[in-house]
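Each of the two complexes below includes chain A, the first together with chain B, the second together with chain C.
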Partner chain A sequence: MSIPVLKFDAVIVGAGGAGLRSAIQLSEAGLKTAVLSKVFPTRSHTVAAQGGVAASLGNSEEDHWHWHMYDTVKGSDWLGDQDAIEFMVRKANECVVELEHYGMPFDRTDNGKIYQRPFGGHMSNFGEKPVRRSCAAADRTGHAMLHAMYQRNVKANTQFFVEWMALDLIRDSEGHVLGVTAMEMETGQVVIFHSRATIFATGGAGRIFHSSTNAFINTGDGLGMAARAGIPLEDMEFWQFHPTGVAGAGVLITEGVRGEGGILRNANKERFMERYAPNAKDLASRDVVSRAMTTEINEGRGCGLNKDYVLLDITHLDPNVIMKRLPGIREIGLQFAGVDCIKEPLPVVPTCHYQMGGIPTHYSGRVVVPQDGNPNTIVPGFYAAGECACASVHGANRLGTNSLLDLLVFGKSAGDSAVEDLKAGKAHRDLPKDAAEKSLSRIAAIDNRKGGANVHETRLAMQRTMQTHAGVFRFGDLLKTGVEKILEVEKAARELEIKDKSLAWNTARSEALEMENLIEVAKATMLSAEARKESRGAHVRDDAPDTPEFPNGRNDAEWLKHTLFNPVDNSISYKPVNMQPLTVETIALKTRSY
Partner chain B sequence: MSKRTVQFSIYRYDPDKDDAPYMQDISVELEPTDRKLLDALVKLKAKDDSLSFRRSCREGVCGSDAMNINGKNGLACLINVEDLKQPIVLRPLPALPVIRDLIVDMTQFFKQYHSIKPYLINNDPPPERERLQSPEDREELDGLYECILCACCSTACPSFWWNPDKFVGPAGLLAAYRFIADTRDQATNERLDNLEDPYRLFRCHTIMHCVDVCPKGLNPTKAIGKIKDMMVSRAV
Partner chain C sequence: MERADYERLRWRCIRRALLELDITLTRFLDAGFADLSEAEQAAFVDLVALEDHELWYLVSGKEECEGDLAHFAPLVEKIRKCSVRLAD
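Let's turn to the complex of A and B:
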C-alpha cells in the first residue's frame, strides 16, 4: 500500500503552548513548517491553566531571577538540572514580555504594568518570604496565553493540520529522526510527514490516573511514540498531585486562590498548614501541601459524610476581589461543587495534575539519550518541549506557574535550535522503506482483532491501578504489586479490540491508539517509582521515612540522580543531575522545609 | 442523587455506512457521580464505541463539546443531566455540515474568525518591557477575550444560518471588537473597513440568540452594537 508523503522542513506535533511557541520561531524564520494537532489548537490543555506564569519582573515588589532559581531548585528537591533552571528563569522576563507584545490580556497594576500575584513556593531573598511573581490574566492565564499564541501564529501564516493524530516517530537505521506518521481524523487516512526537524510538544499523560485535573486528550502520545522508537523516558516516577482539585469532579482550582488569600481548613475549621509549613503556610510547595491534606484526611479530620476532602476557604475575601481576580473559580465552584465560594468554602482533594518527567532533553530543546558512555547524546533531528519533555527543570516537584514558563522558554528554544540546525543542515534524509509499517500494522491489528480487550475497561483498570499503587503516598509493598498489575494491564492494552470499523472520525480507534500510549507512560511510572528507594519531592514512600540521617527520607548519597526508563526491555538506568549552573554558584544541597 | 436510567434520542450518521442520518433511542444507567451531560455521553460511548463526539477539558474552557441539547446549543460538560427533560435530544450544532454523529465541520466558522485578523496589530517597534495599559483600559477587554470558540453562538444565529459564507457571525465579531477595544491595537480603521459591507457586520439583526446560548455568559450582540456605533460615528 502506498502512503502519501508530505515534505516539510519542520514538523511540530502538538499545538498547545509549547508547540505554538515553537511554531512562531519556525514560521517567522520562513521555514516550511507543519503543526499537527489532534484538536483545534485553542482546545489544547494549556487552555486550562489558571493562576499565572512565573517571571521575576518585580512589578509590585523587588524580585530577582536568582531568587526564582533558588525556589525552583528547592522546589525540585534538588533533582532539577541547575543549568537548565538558570536558563529558564533568566529567559522568563523576555518570554512573558513577548506574550504581552503578542496581545495577551494580562491584568494590570495601577501603573499599567503586568499584574503579579503570590504563588506556592515563590519567595524573595532565597526563601525568606512570599513574593508576587506570578503574572496573571485573572484566573484564565492559560486561556489568554494559548489564544494569544494561536493568534500570533495566524499572523505568521503557520500551516496547521487540525484534528490529525500523530501515530509513530520515524527513525532511520542510524537513529536520525525523519518525521512522523499521522492519521487524519476525518477520513482515517494515514500520511507520512517527512521532515528535517521534528518537535514534540504533545503535553502530559495525566489520564493515567483515575482522579486527574487533566483533559481527556492528555494521553501521553509523544511519550508513547518516543518509547516505541526506543527513546528512554526520564524521571517518570515524579507526578504532581495538585492540592486543590474539586472533590469528586477533579476539576482544577488554581493555587492563585491561596495566592489571593485562600486558606485550607480541616473538619475542625483549623488552618492546618500552619503545623506543616510554619513559614509559607498555605503557600508551601505543592507536594508539601498535598501530603498535609492527605494526612489530615487519613487521620480522620476530613470533611463531609465520608470525611474525604478538606475545605478551601475564601469567604473572608472581598467579593469584588473574587469577582475580579478569580471569576473562573467562582464559576467552577458553582458548576462542579454546587458551592458559591463567596459564601461557602470549596471541597477540595489532591488530584493528579502534572508530569515532571518525560522525554529527556537538553535546555536547547534537543532530545538526548545515553549512547557510547555519554548519557546526553543528541538524537539528530529530534526536539521536545513543554510537559512531554524533561529538561529537567522541575525535578521531583514543579513550582506552580513554572509549567507555563517551561512551555514558553523551551518551546522557543526548541524552535530556535531547530532553526539553527535546519540552516546549517542538509537535505531530507531518505525515508526507510517501512516508514509507515509500524503504524499501519498497529491500526490493522486494532481493527481486525476479535475477542480482544475492551478499551474503556482496560483504561479504567490502568487508572485504578495507578491511583491505588502510585498515589500521593507510596508504599513499598503496594509498588511491588503495582508493577505486577500494570504489566498485566499492559498485556490487555496490547490486545485491544474495537467494534467501530468506520474510516470517518473513528474515535473508538483513536482512543485505542491513545491507550497504547497511556500504557507506556503508566508502566514507566510504576517501574521507575518502585525502583527509587528514597523519598524526594512528589515521590514519598513509607519505607523511606524522615530520619535524622535522611531528612524527609531523601538519600542524596545514593539517589541524587535521574531515572532513565528504557521501554525496549523495561530496564532502568540512571544519569547524574547537573548541579552546575551556567554562571552562578551551585545551589547547595539542603534539607527542604517551608 | 441515586443511580438512575436516563433516556436519550441521539442524531446518528456515519458516512461510511448510513445513507441518511437517523435518530437513535438509547438509555444509560448513571452513577450518582455522573452529573454532567458529558459524563452520560462517556457512559454511552462505553456501551457503544461508535458514538462520536468531540470532548477534551470537561470543564468548559476548551470549547470542544458544543452540541444542540434539547433544541438549544450548549456545552455538554457544563449542563446538568438533572436539568434536562427526557428523552434528552442531542443533535450536532446547526448550520454546519455534519461529518459524523455529533461532530460538525467547523471550517466555515473558523474561516470567519480568521477573516477579522484575530491578532494584535501594532507596528511600533516593541519596547524592551511590556506596553503599559491602565487597569481601566484593560477592563474594556473583559467579556471579550474569554471566548472559547465553541461556535454555540454563531450556529444559533439565523443570520449565520442564511449566510455563513458572508456574515462574520457573533463569535468572529466579538473577536473583532476585542481587538478594536484594545488600547494597544493600532488598526481600528482597517478593522472597521474590513467589516463595512452589507453582510459581514450588518446582517446582525440583534436577534440575540448568541447571548442566550453563550456558555461563558458573553454578549456578542453588545460588542456588535459597539462596532456599529463606531461605523456610524466614523461616517459623520
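Let's turn to the complex of A and C:
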C-alpha cells in the first residue's frame, strides 16, 4: 500500500505548552515545522493549569534561583537530577519574560511589574519561609499561555495539523528517529511525517487511574509510542495525587472543604480520621488523609457498590456558610456526584493529578537511553518535553507551579537542541521500507478483529486495577497481585475490537488506539512501583514505613536511583541520580519535612 | 445529523481541555442530545465551539447566558439538568 509522505525539518507531536514552545524555536529559526494535535491547540490540557508559573523574579520580595533550586530538589525527595533542576530554575526568568513579550497578560503589581504570589513548597533562603514566586494570569494562566504561544506560532508560520492522531515513532535500523506515522481523523488516512527532528510533547497519562483530575485527552500517547519503539520509561512509579476528588468523576473538591469543617466518614458513618490523626483529624496533612482513606477502602469500609470511596460530610454545616465560603462546591456535587451536599455527603477518593516520570531526557530535551554501558546515550533525532518527558526535575514529587515552568523551559530547550542539531546535520535519512507497517497492521487488527475485547470495559478494568493496586498509598501484596492483573488486562488491550468500521471520524478507533498507549503506561507504572521497595516522595508503601533508620521510609543507600522500565521485555534497570549541579555545590541529602 | 458530523461533534465533546466539560458533554451526548430538535442540535454545535473556560462557566452556572450568548440559555439549562450519580 502506498502511504503519503509529508517532509518536514521537524515534527512536533502535541500542541500544549511544551509543543507550542518548542515549535516557536524551530519556526523562528526558519525550519519547516509541523505540529500534530488530537484537538485544536488551545484545547490542550495545559488550559486547566491555574496555579501559575514559578520564577525567582523577585518582584514582590527578595528571591534567588538557588533558593528555587533547593525547594525543587527537596520537593523531588532528592530524586530530581540536580543539573537539570539548576538548568530549569536559572532559565525561569528568561522564559517568563519572553512569554510576557509574546503577549501573555500576567497579573501586575501597582508599579507594572509581574505580580507574584506564594505557592506551597516555594520558600526563601533555603527553606526558611514562604516566598512569592508564582506568576499567574488570574485563574487562567495555562489558557493565557497557550493563546500567547499559539499566536506566536501562527506568526512564525508553524504548520498545524489539527485533529490528527500520531500513531507510531519511525526508527531506522541504527536507531535514528525519522518521524511518525499519523492518522487524519477526518478521513482515516494514515500519513508518514518524515522529519529530521521529532519532538514529543504529548502530555501526561493520568487516565490510567480510575479517579483522575486529568481531562480525557491525557492518554499517554507519546509514552505509548516511545514504548512500542523500544524506548524505556523513567520513574513511572511516581504519580501525584490529591486526597479528595469526586468518586467516579475525578473533579477536585478543594481542601478548603475540610478546612471549613468537612468530616470524612466510612461506610459505617464513622469519623475515621479520629483513629489516624487524633489531634488534627480531618485537617491532617494531605498524605496522612490520603493514606487513611485508602486504608479504610482496602479494609472493606468503603462505600458504594464497589466499596471504593469514602464520604465527605458537610451536612452539619449551615447551608449559608457552604454557599458563602465554599462557592462552587454544591454545583460540583450536583453535577458530578448527583448529590446535594447540603443534604447528603459527597463521595470522594484520592485522585491522580500529575505524572512525574516519562520519556527519559537530558536537560537539553534530547531523549536518552542506556546503551553500551552509558545510561544516557542520545537517541539521534528524538526529543521530548513537558509532562511526557522526565528530565528529571520533579523526581519523586513535583512542586506546584513547576509544571508550567517545566514545559516552558524544556519546550524551549528541546526546540533549541533540535535547531542546533539540524543546522549541524545532514539531509533526511532514508525511510525504512516498512515505515508505516506497524501502524497499518495495528489499525487493521483493530478493524478486523472479531470476538475481541471491548475498549470501554478494558479501560475500566485497567483503571480499577491501577486505582486499587497502585494508588496513592501502596501495599506490597497488592502491588504483587496488581502486576499479575495488569498483565492480564494487557492481554485484552492487545485484542481490542470495535464495531464501527468507518474510515472518517471513527472515534471508536481513536479510543482503541489511545487504549493501546494507556496500557503501556499502566504496565510501566505497576511494575516500577512493585519493584521500588522504599517510600519516596509520592511513592508511599505500607511496608516501607517511617523509622529512625529510614525517615519517611526513604532508603538512599539502596534506592537513590532512577527506574528505567524496559517495555520490550518488561524488565527493570536503574540509573544513577545526577547529584552534581551545573555550577553550585550539591544540595546534600536530608530528610524531607515541611 | 449525518454520522460523520455527529462523530466529529462527539470528538470535540469528549476531548476537551477541562475534565469537567469532558464529563458534562459526554453525558449530554449520551442522554440528551438525540432529543434535541434540528435547530437545537445546530445550536449545540455552536455552543461547544466556545473556549473551555467560557463554556464551563456557563454550564456550571457561574456565569449567565447573556448578550451574544443569550440564545444558548435553554440549551445550557438542559445540559445542567442532565446530571447523574457517577460514583456507583
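The criterion applied here is as follows: the second predicted complex is superposed on the first by the 487 of 594 C-alpha atoms of A that agree within 3 Å, B and C clash if a C-alpha of one lies under 4 Å from a C-alpha of the other, contacts with A are read in each partner's own complex, and residues count from 1 in each chain.
Keep this in mind: contacts are C-beta pairs under 8 Å (C-beta built on N, C-alpha and C of every residue); 3 or more make two chains touch, one makes a residue touch a chain.
As the structure is a computational prediction, the values presented were derived from the model and not from experiment.
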**Request:** Look at A:Q240 in the shared chain and tell me whether it touches chain B only, chain C only, both, or neither; answer first, second, both or neither.
**Result:** neither
**Item:** Partner chain(s) touched by A:T202 [first = chain B, second = chain C, both, neither]
**Value:** neither
**Request:** Report for A:A337: first if it touches chain B alone, second if chain C alone, otherwise both or neither.
**Result:** second
**Request:** Kindly classify A:I498 by the partners it touches after superposition: chain B alone (first), chain C alone (second), both, or neither?
**Result:** first
**Item:** When both partners are placed on the shared chain, which of chain B and chain C touches more of chain A
**Value:** B
**Request:** Could you tell me if A:S413 is touching chain B, chain C, both of them or neither one (first, second, both, neither)?
**Result:** neither
**Item:** Partner chain in contact with A:T465 - chain B first, chain C second, else both or neither
**Value:** neither
**Asked** Touch check for A:L305: first (chain B), second (chain C), both, or neither?
**Response** second
**Prompt:** Touching A:R43 in the superposition: chain B (first), chain C (second), both, neither?
**Reply:** both
**Request:** Go through the superposed model and pick first if A:V251 touches only chain B, second if only chain C, both, or neither.
**Result:** both
**Item:** Shared contact residues on chain A - chain B and chain C
**Value:** 39, 42-45, 47-48, 140, 143, 186, 215-217, 248-249, 251, 328, 331, 335-336, 502, 504-507
**Item:** Contacting residues of chain C [partner chain A, same complex]
**Value:** 3-4, 7-8, 10-12, 14-20, 22-24, 26, 51-53, 60-62, 80, 83-88
**Fill in**
Listed in rising order, chain A residues that touch chain C in their complex are 38-39, 42-48, 140, 143, 163, 185-186, 212-217, 246-251, 303-306, 309, 328, 331, 334-339, 347, 502, 504-507, 510
**Message:** Which stretch or stretches of chain A touch chain B in the complex?
**Reply:** 39-40, 42-45, 47-48, 96-98, 100-103, 105-114, 137, 140, 143-144, 147-148, 151-152, 154-155, 186, 215-217, 248-249, 251-252, 328, 331-332, 335-336, 455-456, 498-500, 502-508, 511
**Complete:** Counting only contacts in the complex, chain B reaches chain A at residues 14-17, 33, 35, 45-46, 48-50, 52-64, 78, 99-101, 103, 105-106, 110, 114, 117-120, 122, 126, 128-135, 137-138, 141, 145-146, 148-149, 179, 182, 184-185
